[in-house]
């Protein structure tokens, strides 16, 4: 080809090729989107001036720069132009107003977008920003897991407004994940799983094998996961467990108890129903509790063990939630007799409680398996040392899909949430030789746990953004009062400060300011139903009166809140505050809609029939001034009462004392149904 | 010979249920799906979901899960709680009126004091969300009637 | 291309105009590409996003500024001053050569450390090389009295904001 | 170089040179003898325009590549999380592949150092300057030496299990023997017969380097295990 | 317009010859231009043939020119500091107009330059163009090849992504194996024992200043030597080509 023609052609090509990139740049999609937005917004504008304002907006990249929040840059608003503009409510997708949440629309300049939604804030193209293309940055969190974003900053177990996250965190704690996996801030976690030292005297070889095969099939409340053991492994582990040396002292107790004469099943039935076991345990699935199912307990544990355990549960498992009931020797025998008669698995083989004759070589293999599967993490945490058995979970929420090992699971979407869900559902399906057991989470549980896991970021957010609700100090005295609180396991149901479980609606933190001491003593000795609709009720612990007095005195003197006035009437008699007017208020405000008073009233709040005997007026006053202050999610509405009105009502309630202090407990004791 | 006969019988035994399941499986799969479709409520918008949470927590005890005024505490109450899922009622009341009734309670709008005022307990936004959720109740009601 | 045509370019030869045309196309395309590259390069060099502190900043509430209060905002290089029955803001950049001035609380004056310019609390030059008074910056107050200063907007002297 | 080099008399073999000229040259200088009327053209425009076209062609090719293929950019560097496999840039993958077979000191330092040294001394080595075809001088001794060296090299690489070197070594040796007496063969064999020993060595080196680089780039997956490029594990 | 431009005093002070329509003016184009001055006024027609050199040296040279141009532009948006370096890549990608194009161009040109240099070396070897008097230029070429590799390698770290970090970690660990000096070289190169911000800064300085200057220096020598050694050298059949005269 002649040189000049070649030169002309190549020059023109040169020009054309060099023009491609600027042309592509000029046609970037955000530009046309911004022009569309201008048109849409100005057509929606209420005034000519604001329409002109929209029209005049330049086409440019928008960004939210959060220097103090991990130096985050979110350019989502380059396309999502209307997120903070009320005018754009209901507009088509990239332009619509962001739904209102605790942090929006007011908080965009503090939180940006990616802090909740994930994705790549720096990107200005949709596939890269949303992380939908293969090697783009971090993908967006799918909307079902959106609460994972809350969990990055909100570090408490329970996060108000994030029910899925809170549930996920609770499930993780209950499943004992922290026993094997290290997670920041959970170093102190201890599983409630029982030590296995007394197992040879507790149950039989057949039962242990059944249990190891699938704990949930034996007890639906079991927290122990299914390790999918082979029959041989089960056999070896059973031999190892039965080879354990039972501590002499406990063995003595169990054997002595086994030798005792049988008790009265009929009396046992009455005692069980009074003791409200179903507050924690379930019986054939009835009851809200999550403690072991009782309906087959007699085919799980030997009579001697049950009796010895019932008399002092903490000697067998120092971490148990089970309180110590002060049954007399006979009473405890009666209770166990009832359990033996009624709560038995009648389909179970006769020899289910026969101890296993130990084969030492199998037991030796079992010992290896016990280590191999990390059983010690839950059952013998002291023996596990400081090393956690499983890989640490911190940062799992920021893992990139490319760095995950999908192994055999070619069926999965290559994304972190899918991987986590599959890990939870069938952990062993990824490769051979994996040890993680399966927990039998249902779809909802699995979603909640995945949400909580996605909240575990690689780095903690800056201090300014970290939020944990203010720590309520937990006063836990030592000495005799402390050991009483320990042995009655008050914290299994009640909260003190931030310690303890949330089963009871009555935290003990300010109980001394709330209830009158004399009432409390009586109540501790023989508790009765305060809130008829709740299934979780205070059990009758058979507390001796001196214990009750000691506890009540301690509550009276230590567990007080300085903001609750001891005497709201300021030294004057309560009648000065006009209780008659208070009664009128009681009617006028509709309190009877929820509270029982005398023979009528709603079935929701606690009965007020004997409020004057039970509640201190200072508490009543403080409560009426704002119930939510004392319990954030309480349903009792805040009426916005004036001081005078609140005082009048308090005075009225103070007048409510039972006419004839008859024995209530018969009516209330409904126990096991 | 007997072994072979036994094996044949076994094979037959195994194939018959297999054949049956193969036939019945698609049919069985179809019917529940077809029956299910109308029942599944449409996915709720974010604000409405928040409203639902508030409703479940504060209102359900009296107004009932579907808003029909059949909560377990309703039998105590006279007058009876309002049936919120009634389309006639919904048509009559504007959003502002509903929000006002929630905020100031029954007594505030000249009705029964048994409906407490929630203005001090719930934020304005929560009340707005609640109203949004209330508006979805009539639609939820239809399949059950 | 033959040897002869190169040695003696013949204006009358039939190939000449076509060859010139081709040369012009080639040269022209190169020139356009060159100029275009220059333009694109200049556009490339123009930053499209900026990481600069916002010129608008919150200065607290009006009640924090009783008469005579002077607060220096380091990042925004501005004084927020309570005076004249309200609040106003002054740029802290000396009008002489751009040094950052200092507020001398015991002398109630603003002084520049570089060349000794002095200003009073309203920004007027007391003495020194500074040619102009310190500029006043826009201060707006909302209904609750929260002050917002925009250091990018200069307003006339004496326009005090009252909450 | 000795101070007074020996002089050789060389006859110009150019038949066009009339009258014949005699040139005196040293063995390490190449005789440059005018061969007749060489055609010359003006640098401008002939060379310059070609250069401009070359420039444009390269830029066009690069631009098209830049528009079609994006430069790779992975996640931000994370010193804790090693990608598997961790690969060096492609031009070092041959080396990295060598490291897989040999102790680091050999593969990382000795071999590359040797290669650079050999490359640098090429123009100073006599064998390169005389540059006769491998089998020019009969060749029983050459054949023996070649077989011995090949056997030694093959044994060495085979001991290390380095088949990507051992096998091309054998193949090259085979090609070299095939070239023996190729002057009377077909076109290919005639061409082979003209190849000098340094060229054989360079070819051997290029084949090995290419093979190692290709294997390192496309056939190595997690744990530097051999994978097929289409398995997606690279 | 064009005529007026050509007639102006300013134009004529820059371009001191007339239009290139006579051989005299064509010669002047070469004489008067610093950059074209490396060429002789006349070249042998044979050397213009594609098969003579395959233009491989030219391809390498053009890639290096593209690299210098795009590299300078990229430097405007690059901070050699640890989280920022990576973020700057993202900025080029998403915010800077044509930034991604320039980065891609730089990357592919770098690969082309390494590849072109290898092929160029092979071509020269097989064409026996390393023979005297070109032996010195061959060595310069080897140095250029090594410089090119180092330039490419130091540039590899600058994006500070996983690919860069681990590529360089692996590479520097190879250097560590050198006897005696290996550890020291690695320590000097990285400015520490691990690939860190120090290493990034050092690689940046090497990539943007030290190595390019060295490359330009040796490149000048390389090109100057081509001219001095009698122009580009073709395939072995040209071995006995006459040495061309410098001017006709």
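Letters A, B, C, D and E name the chains as they come in the text, with residue numbers starting at 1 for each one.
Following the convention adopted for this analysis, contacts are C-beta pairs under 8 Å (C-beta built on N, C-alpha and C of every residue); 3 or more make two chains touch, one makes a residue touch a chain.
Since we're looking at a predicted model, the values are computed, not measured.
A.B. asks: Remove chain D in your head; which chains still hang together?
C.D. replies: Ignoring chain D, the remaining chains still form one piece.
A.B. asks: Could you tell me which chains are in contact with chain A and with chain E alike?
C.D. replies: C, D
A.B. asks: Please list the single chain whose C-alpha centre lies closest to the global protein C-alpha centre.
C.D. replies: Central chain: A.
A.B. asks: Which chain's centre, taken as the mean of its Cα atoms, is farthest from the centre of chain B?
C.D. replies: Farthest from chain B by mean C-alpha position: D.
A.B. asks: Highest contact-pair count belongs to which two chains?
C.D. replies: After tallying contacts for each pair, the winner is D-E.
A.B. asks: Could you give the separation in Å between the centres of chain B and chain E, each centre being the mean of its C-alpha atoms?
C.D. replies: From the centre of chain B to the centre of chain E is 72 Å.
A.B. asks: Centroid of chain C to centroid of chain E, CA atoms only: how many Å?
C.D. replies: Here the centre of chain E sits 40 Å away from the centre of chain C.
A.B. asks: Can you give the whole-Å distance between the Cα centres of chain B and chain C?
C.D. replies: Centre-to-centre distance between chain B and chain C: 60 Å.
A.B. asks: Centroid from C-alpha atoms only, then distance chain A to chain D, rounded to Å. What do you get?
C.D. replies: Going by mean C-alpha positions, chain A sits 69 Å from chain D.
A.B. asks: Indicate the residues of chain D shared as contacts by at least two other chains.
C.D. replies: Residues 41-42, 45-46, 50, 52, 59, 63, 66-67, 72, 74-75, 81, 83 of chain D each touch two or more of the other chains.
A.B. asks: Can you tell me which residues of chain A touch two or more of the remaining chains?
C.D. replies: 3-4, 7, 10-11, 14, 18, 21-22, 24, 61, 75, 137
A.B. asks: Any chance you could list the residues of chain E touching two or more other chains?
C.D. replies: 23, 83, 90-91, 93, 95, 97-98, 101
A.B. asks: In their shared complex, at which residues does chain E touch chain C?
C.D. replies: Within the complex, chain E touches chain C at residues 21-23, 73, 76, 91, 95-99, 102.
A.B. asks: So in the complex, the part of chain A that touches chain B is made up of which residues?
C.D. replies: By the definition above, chain A touches chain B via 99-101, 163, 533, 587-590, 592-594, 600-604, 626, 628, 633, 635, 637-640.
A.B. asks: Give the list of chain A residues in touch with chain C in this complex.
C.D. replies: The touching residues are 2-5, 7-8, 10-12, 14-15, 18-19, 21-22, 60-61, 63, 65, 75.
A.B. asks: So in the complex, the part of chain A that touches chain E is made up of which residues?
C.D. replies: Per the touch definition, chain A meets chain E at residues 21-22, 24-25, 61, 71, 75, 120, 122-125, 128, 137.
A.B. asks: Under the stated contact criterion, what part of chain E meets chain D in this complex?
C.D. replies: Result: residues 20, 23, 26-27, 29-30, 36, 39-46, 48, 55, 58-59, 62-63, 65-66, 83, 86, 89-90, 93, 100-101, 103-109, 111-112, 114, 121-122, 125-126, 128, 130-135, 138-139, 142, 146, 149, 152-153, 156, 159-171, 174-179, 182, 194-195, 230, 239-244, 248 of chain E touch chain D.
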